[in-house]
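Here the chain labels run A, B and C in written order, and each chain numbers its own residues starting at 1.
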Amino acid sequence: MTMIEMKNISKSFTSTNGERIQAIKDVSLSVEKDEFISIIGPSGCGKSTLLRILSELQEYDSGEILFHDENLKDNLGFVFQDSVLLPWKSVYENIVMPLKIKHMETPETLAHVEELLDLMNLKEFRNSLPKELSGGMKQRTSIARSLSYNPKLLLMDEPFGALDAMTRDHLNLELRRLWKQTKKTILFVTHDIEEAVFLSTRVVVLSNRPSTIHDIVTIDLPEERTLELRDTPDFINYVSRLRGMLNEQS
Amino acid sequence: MNNLKKTITYTVISLTVFVLVWQLYISIFDVPAFILPSPVTVGKEMINQITQVSFYKNMLYTLSEVLLGFALSIVFGLLIGYFIGKHPHIKRLSMPLLVFFQVSPKIALIPIFIIWFGLGYGSKLFVVFIMSFFPIIESILLGLGNISKEMYEYMKILKANRIQILTQLEAPCCIPYILSSFKVGIIQAIIGATVAEWMAGQLGIGYLQSFASSTFNSPLLITGIAFTILLGILLYGGVTLLEHHFQRYQEVKQ
Amino acid sequence: MKKSKIYIELCALVIALIALWQAITVIFDIPSYYLPSPVEFFTYFSQFLQTGKLASHISTTLYEVFIGTFWGIVVGMVLGYFIAKSKVLEHLLMPLLLIMQISPKISIAPLFILWFGLGLTSKVALVILVVSFPIMIAESSALKKINSGYTELMNIWHANKWQVFTRVELPCACHEVISGIKIAVTQAITSAVIGEMMGAKAGLGYLLTNGAEMYDLNMILSSIFLLSLLGLFLYEICQVVERKVLYWK
């Protein structure tokens, strides 16, 4: 079932000295349910822009976006690179905040929050303040928060970009597990090719500015993904294929 | 609690030492009483004063000026500050003006206010208002300016409405700065009130000191000064307690 | 945002405000003892300036502010140093200092006038009092926080007390001390003015009370204008000094 259909999306910006920069041009993509789609591309191309357009943080110039249902559009989850936690609220309060804003605080939703705390290994830290947390824990909280109101679609903009390699590996595993358990559809922007291959069902490669879709690669790897998978020939093949595409761009 | 005990003990000790040094000084140097009276004389005058109704009238007069003027500056300061903070063009235009008002000694406006608003309560109220108004505006601008773009974007993702953004994001982020400005503002308010009363009027702790000064009544003068300082400490302490209540929000000041 | 654009906008704003002022005085036919028009005021001001009397008032207040600030900084730093170094002094003085810091120090003004007279001394003393406190507290708290690693190094090199002070303690304490100085300086002018308002024979604050007694708003406005300029000037100096000294931050 198609969740989102993006047709011929174009977006340009005016830079500080008045120039018109075409960020993305004629991008078409359809997102199916239960997919994990990574978007990679050279830096400066419109990877994040695409995500922000979908979440209505940014407007687009032309094209159309069709959501399978209205509810989807108003209830998607977003995870930024910076965890953006409210410093005066505890982990638990931060996760519950979206429910407060959306007036969705019910016994059911709060029970769901407890499940999320479990899922993201945050139970012991439920009363901690953000300043007491490591970068990885902050992002876990951010992810749990984005799921508190059970969105069907989760948008993630380089969420692990600011973390060290080991934390990133752990979180990749956790995210993959989370995805399989909660059956969300995830759109994931990253500059890390290995991360993209590890996590996704499909990888979208964007070209240089003005970005169009250079290619879409379906990742045909086993369902159960462990960190050892990264040393298998299939995995390495995908990575070098994608790296090749990116190198062509520059 | 232990810390509090320690602080109080040390404070009592230093005050005692202070009084002893004072007594020693006037005994050794044989200072005339109207220049610097002895601690005992001052103490007697203090007791004399607090047993008189007129003293409480004066204290209450000043206290009400300060509290009312301060309350007004909070209301207008918050409203105007928020308005300026949310409109970047207006903020850009008003910043130089605000800086100018911050660096100029607003105390100099007292004579003008006395001419415009008379010798009574009104002019003092206005002085208190002006003195505490600008730090409050500055604090909101500081607080709002500290909120990252991503925070606002996240609220947008959640489809939060204007009021929710104000109560759930903007207000908590501004609180520590606003409370800091209260600490500065309340002292400025007291200074403004006392000096304004000194300049004109028939009531208030400032007037009491002016009266004492012109009648060379040093014990009364020192009593007035002491109670002004006491007032300052009490009000400052009140704001600090408020700050403790909102301790959690201090985390915003990264 | 280009700096020149900001200046243009600012000038436009100031001109607009002055025009508004003129309009208000004319439209509402406001008597000049209540609010003189800009034209009236500037005429008065330039005349006053030319008589030279204004100059002596300006120099009185300037003297009080600068001398007071200078000695206030010195006193503040010296006492701050000793308080940080001596536990006895610290326990004895800190409570009193903190009480004084948060109280309206201006309250002492009448006492100073009683003790030092109506002349410059009382105002200088007041400014010294007001300026020294924030600096004293800033310095003693900064000195106590200095990374012990630095002091240990100094010990190993057998540095004497003066060397330790100038090469480690002073630079490290700089940031807090300069913040303290900025706070203190903004209060210096206010203190000098208040001192003059309470009892003086000359100075910009004296002009304020004089003008108030004679309902001469022009005199009052002249004083306010000059005091604001002075405030702005001192603020700019502090900004420049801060940037120069803390270039490494």
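Criterion: a residue touches a chain if its C-beta (ideal position, glycine included) is under 8 Å from a C-beta of that chain, and two chains touch if they have at least 3 such contacts.
Small disclaimer: the values here were computed from a predicted structure and weren't measured.
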Chain at maximum distance from chain A, centres defined as averaged CA atoms: C
Identity of the most central chain, Cα criterion: B
Pair of chains whose C-beta contact count is the highest in the structure: B-C
Cα-centroid distance, chain A relative to chain C, in whole angstrom: 54
Intercentroid distance (Cα basis), chain C paired with chain B, Å: 18
Mean-CA-position distance for chain B and chain A (Å): 50
Chain B residues touching chain C - in the complex, by the definition given at the top: 7, 10-11, 13-15, 17-18, 34-36, 92-93, 96-97, 99-100, 102-105, 107-112, 114-116, 183, 187, 190-191, 194-195, 198-200, 209-210, 212-213, 216, 218, 221-222, 224-225, 228-229, 232-233, 236
List of chain A residues in touch with chain B within their complex: 55-57, 74, 76, 78, 80, 82, 84, 86-88, 97-98, 100-102, 129-131
Residue ranges of chain B in contact with chain A within the complex: 148, 150-151, 153-160, 164, 168-169, 172, 248-252, 254
In the complex with chain B, residue positions of chain C that touch it: 1, 6, 9-10, 13, 33-34, 91-96, 99, 102-104, 106-108, 110-111, 113-115, 186, 189-190, 193-194, 197-199, 204-205, 208-209, 211-212, 215, 217, 220-221, 223-224, 227-228, 231-232, 234-235
